[in-house]
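Down below is the structure, laid out as structure tokens.
The letters A, B, C and D name the chains in turn, as written, and every chain counts its residues from 1.
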Amino acid sequence: MNIDFLIDNFADLSVTGLAQGAIYALVALGYTLVYGVLRLINFAHSEVFVTGTFATILTLRGIGIGPDDPVPSLLMVLLTLVLASIVAALSSGAVALLVERVAYRPLRRRNAPPLVFLISAVGASLVLMEIYALFLGRDNVRVGNLIKPRTQFTVFGADVTNRQILIVVSAVLMMVVLDSFISRTRLGRGVRAVSQNPDAAALMGVNKDRVIALTFLLGGLMAGVAAVLYDLNFGVTKFSAGFLIGLKAFTAAVLGGIGNLRGALLGGLLLGLAENWGQALLGSAWRDVIAFVFLIVVLMFRPTGILGESLGRARV
Amino acid sequence: MTGFVDRLRLADEQRAAFAAWPRRWWAGLPRPVRLGALVAFAAFLVALPILQPPVLTTTGTDFTGVLFTVGVYCLCALGLNIVVGLAGLLDLGYIGFFAVGAYSVAVFGSPQSKLATEYPWLVCIPIAIAISMVSGAILGGPTLRLRGDYLAIVTLGFGEIVRLTAVNSEVLGAAAGIPEVPRPPGERADGTRLFTIVDVTPFYWLVLALIFLVVLAGANLERSRVGRAWVAIREDEDVAQLMGVPTFRFKLWAFAMGAAVGGLSGALFASRQTFINPESFPVQTSLMFLAAVVIGGAGNKFGVVLGAVIVAYLPERLRSIDDGLLVVWYVSLVLGLATYLLLRRRGPRDGPRTYLRLGVVAGILAALPPLLLAMPEVFGSRGEIGQLRYLMFGLALIVMSVFRPQGLIPSRRRAIELEDRAKEVEPGATS
Amino acid sequence: MPRPERPAPTGPERPAGPGSGAPIRPTPDPGEPLLQIVDLTLRFGGVTALDRVSFDIRRGEILGLIGPNGAGKTTCFNAITGVCPPTAGTIRFRGTSLGRRKKHQITRLGIARTFQNIRLFPEMTALENVMVGADAHHRTSVPGAIFRLSPRHFAEERVCRAIAMEMLDRVGITERAHQIARNLPYGDQRRLEIARALATRPALLCLDEPAAGSNPAEKASLLELIRSLRDSGYTILLIDHDMKLVMGVTDRIVVLEFGRKIAEGLPAEIRENPAVVAAYLGVPDGSA
Amino acid sequence: MRTTRIFRSAAVLAVAVLAVAGCGGDDGADSAKGGDTCGLSIAFFGAQTGDAANLGINISNGAQLAVDQYNAKNADCPVTLEKFDSQGSPDQAPALAQRIIQKTTIVGVVGPTFSGESKVADPIFNEAGVPLVSASATGPALSEQSWKVFHRVVGSDAVQGPAAAKYIRDTLKAEKVFVVDDASEYGKELADILKAELGDAVVGSDTVQVKQTDFSATVTRIKSSGATVFYFGGYYPEAGLLRKQLTDAGGKDILLVSDDGVRDAGYVEAAGAEAAEGTVVTCPCVPPDKASGTFAADYQKAFNTAPGTYSAEAYDAATVFLDGIAAGKTTRADLLTWVKSYNKQGITKKVQFDPKGDVADKTVWTYVFKNGEIVPDQPVQ
């Protein structure tokens, strides 16, 4: 136990925890969306995320920004970021659609029991991972240092860097966009309808297949953006990088209340904070243990997550 | 709407009837023939390490060693089947119990463990089973009130917690692990030890015997009030409780029994390895156990055993691609296609697209081996067959899920199983 | 204390034993309250589903619980069977308060129910469905079953199977015993639910719209079944929309509207009751 | 209509089958036995798939290069390198070891790669008398087991830890040192030795996890401890990320000293050349002398990538066996004797083993990362 250290560095730990949590949150959206509509855990989502991290790198290399090149001008950085985000989001989205098409839709057609979806997703996850390993190697692949971290301001003695601001702000922004998409647009209404009552929605003329594909796509897009932020923050990725972050993101989704978009954000940020504070207290070796124990404790008191399942169709 | 549903149901029943014919045929055989066949099959299993049959034998690794691993997977699948298949509780952290069993034997039995109790193997095994059972109950206690998907992530977390605790605890040997795990007692005729590090065959026979016992115990449970309660909970927990099933207690039992079997198999694994460290217990392995259960047919013990054989054996067999494997691949492809076409005819009519798609799939499957064999030329050292086996395994998981979602031997068991029993029961009921 | 081998039960609370086929003894003193509901109140958030409802169910009667949609009939069932614990008020069964007992404990006390939307264990056979109910009073657990050593295990298995077969026979679907519940025809699924409930050896049987979705012929035979159950000593609480069915079979009727009891009495009285007529305004008899 | 379609798809299938049968036949046969002494193989035992695959492939490639070069010179009697994928985990190790023993054409093993799998497999090899030369298993316990077949061309952690401590104390004269390890057997062993040797100079320590990517809490710890040097016991992926994140968080001046698990181009790949600049690693390996000058180029040419950690050591390990085979030692027993008495300059060091199987040359060198390159610095002992 190291309480003094936690107290002394509380602000610093919180800031870094939030940045990490924002990335969890964005990846968690993919789990939450698919779960909301299909009541299934998409185990291949972690590889959808990894797709984005590789797409970012390939984009940067494609436009000639190598890993050790000096940081270009601000305008260039912004343009590059936007481009990379678009490419990463699209490729993650495409892979998510592909996974849905190959590993989910045939099973839905056959009315397979839910567990089978899990196994087919595990299969898809293995295949994607090994394909990346085959084409991009099994070692770390590096991204350029696109944004040099520079302290913008300090809060209670903690340096807040431009990169951390960018990460948290974009994550929250993406959340807001997604949230309003789901609640305002016609397509979003379809998603909500299917998640609340698939049969009734089908009777009302909602194309279920299209809605399901849409949720996979949306989850993929978010994972793609998360991947860009991840690359920015850590600078490297790896064919197997998805497993851990997928696990954490899934934990975050459950923590906030799976199926609940805002819950994913809250869960992600809380998990990031809890991990950092817990690590400060007990040592980094216990990081994942802390995350899971935190989850178990929260679920014991709130069995459907902090915010509950949003579209609240209680299943009796 | 109803018309459509009826058509679907009809098609489903027809398919079920077709799928059930081997079982009918089996049940229709005279009892001595069935018994004889079973004994012959058992003898074949026992003799496998000695026979080393040509195509079955793995060329890239020791066949007997693989057989033992397959056996351990079978045990795990049987244990997990109680939790997932019968009681319907999604447990993604089964490796945790496996690890608890393995570590119990190591910690209590190894002369190099910090505890230095050095209990003999025969004492360690019950301890391992007991500790895993208790750990199952401890995990179940606070979490079994959670609903399915929440339970899934909590159990997944449990698996990681066990592994990380082992990594970070000096008593458990930390990352360095614990060597000199005790081995089962027993001597050969010439006085040398039966269970050695070099010859795995006795271990294989031991695990075979344990599988037999666990299948027997599992069957007993299934055919009792406990089994009915579990299935009732799986089907509809609320109603089960309203019909007088103390659901929480039985769920806890399911967890504890599953954990006990997991612990037992972990203990066996540890004694065969003679050394364990946390690397042997990654949480991903839980997913492999689950894959075994689901691929085989959740709820059916023979199904899950078959699933375990596939999950544990396939990646090992795929270490090298040889002629025997190619022959098997093409023969089973042709047979599979033929069976599929036959089954199709009994279902609702298909459009031309179905056959086109089928042709494409068959073409891809047929072209797979030459593509794989050409890989090294394209990708250099990254494309060696050995490095592709998880890619192939992943593909196999998808293909099996898509084409056989109900599992290889689905759990439509009861209808058939009960047909036999009905004969003896019904007269009894009226007397 | 080692339990003696279960004797062949005799009364309706311990209905006919294994294969005895003995006639079931009618309850000696009909009229004594079996279940007393006093000021039962249930609120969900801001909605009051039941508001100070009180009524008794007497031994050996068929009590009808009717009311328009949303009147709180099923909620009342849920309160009695422990699905939704009451916000206020008490439910007393055989003189003891149910309090906050768990669902399975209430079942063991002798209250069984069926469901408005059929809820069987779809992948189990009909016989097994009923056996789950018959197991309610059994005590074999994992240790006994896994080694098949305890005599209790065998005795209970035998009793369980016998009771289950008898109950299937009772509702008239013996020939369906070994079919998967999901594949049974609709009417037989309804009967199977009743058999499963009977197998828990209840004193009070709660039937939630047992005739919903049935055709007239099925309804008639169902009525026959319910009456015969009453005659053999069960107390029955019956919910239904169908006024004709309720009027024809019940001994007394309680009418709910918007969570309040608006009337209670003999069928003939209820038919004339202006409040009931108003509640069912414009709803002709017999519409489901 | 219907029959034609079935026929058509069947035809497609038939063509595919024929095509495959045509080209599939000649491949995949087991290594055939040649004459008396030809057709021998060396086994590689280590990871080819999974998370540890990268290190395993580095090693198998190094060995492969040695074998290929040998075969180029001895085309009439080539040696095969058979790879046995353990995934770096002890699980499959016994079965693989068993298989290697059964294949009598295999006369020696390069590996096992890691300490964990060594602890499982080595007793089995020992029983069967298969000579082992590991290029990477550094656990000190391995040479204390009285296994007669065990050898390694790298120094054990027991040598490296004190050397790193000495370097930090005497050369860097650091007064405040922060020690991090990755909870692996290797990293923890080194970190523990260091903590014991440096005593009061250690102002704090932390344990991270293998595969971790976010080190923010550790970074905060290191920064707030006021240390001028931090030591990392573990492998390059975590070391690189930790270095990068510390630099990003303003800890640029805190010098990283680490171990030979970090002496890899992958470290620069993870940390970036800028953050990696100045990092010191210890390695019980002598800088390659001029004789081995073409190794890096040959490796690059053969595998289209730069040699990684232990690639060169693997080359040496394989060379020990290949020299033996060239000298006519074609049985396991002969080759074992050969290995025990081997004494030759390899590309990484002078290869000679003590009776326990440790490499005799225990000199530890420090290396410094400069402009993304690993530059030899000085010997420590």
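Heads up, the rule we're going with is that contacts are C-beta pairs under 8 Å (C-beta built on N, C-alpha and C of every residue); 3 or more make two chains touch, one makes a residue touch a chain.
Given the structure is predicted, the values throughout are model-derived calculations rather than measurements.
Enquirer: Look at all chain centres (mean of CA atoms) and spot the one farthest from the centre of chain D.
Expert: C
Enquirer: Determine the centre-to-centre distance between chain A and chain C, using the mean Cα coordinates as centres, and give it in whole Å.
Expert: The answer is 49 Å.
Enquirer: When the centre of a chain is set as the mean of its C-alpha atoms, what distance in Å lies between chain A and chain B?
Expert: It comes to 32 Å between the two C-alpha centres.
Enquirer: Which whole number of Å gives the spacing of the CA centres of chain C and chain D?
Expert: Centre separation, chain C to chain D: 71 Å.
Enquirer: Chain B to chain D: how many Å between their CA centres?
Expert: 34
Enquirer: Touching at least two other chains at once: which residues of chain A meet that condition?
Expert: 130, 133, 137-138, 243, 285, 288
Enquirer: Chain C: which residues touch two or more other chains?
Expert: Residues: none.
Enquirer: What are the residue numbers in chain D that touch two or more other chains?
Expert: 49, 53, 57, 183, 207, 209
Enquirer: Between which chains does touch occur?
Expert: Here the touching chain pairs work out to A-B, A-D, B-C, B-D.
Enquirer: Going by the contact rule at the top, pick out the chain A residues touching chain D in the complex.
Expert: Result: residues 5, 8-9, 12-13, 16-17, 19-20, 67-68, 130, 133, 137-142, 145, 149, 151, 159, 161, 163, 233-236, 238, 240-241, 243-245, 275-276, 279-280, 283-285, 287-288 of chain A touch chain D.
Enquirer: Going by the contact rule at the top, pick out the chain B residues touching chain A in the complex.
Expert: 84, 90, 142-143, 145-147, 149-150, 152-154, 156-158, 160-161, 164-165, 167-168, 238, 283-284, 287, 290-291, 293-295, 298, 379, 382-383, 387-388, 390-391, 393-398, 400-402, 405-406
Enquirer: For chain A, which residues are in contact with chain B within the complex?
Expert: Per the touch definition, chain A meets chain B at residues 35, 39, 41, 43, 102-103, 106-107, 110-113, 115-120, 122-127, 129-131, 133-134, 137-138, 243, 247, 250-251, 254, 258, 285-286, 288-289, 291-293, 295-296, 299-300, 303-305, 315-316.
Enquirer: Chain B touches which residues of chain D in the complex?
Expert: Residue list for chain D touching chain B: 1, 5-6, 8-9, 12-13, 16-17, 19-21, 23-25, 27-30, 48-50, 53, 57, 60-61, 64, 83-85, 88-99, 101-102, 115-116, 119-120, 123-124, 127-128, 139, 141, 183-185, 188-189, 207, 209, 303-304.
Enquirer: State the interface residues of chain C toward chain B in the complex, per the touch definition above.
Expert: Touch list, chain C to chain B: 19, 81-83, 102-104, 107-108, 112-113, 115, 119-125, 127-128, 131-133, 135-138, 140-142, 144-148, 153, 156-157, 160-162, 165-166, 177-180, 183, 196-197, 200.
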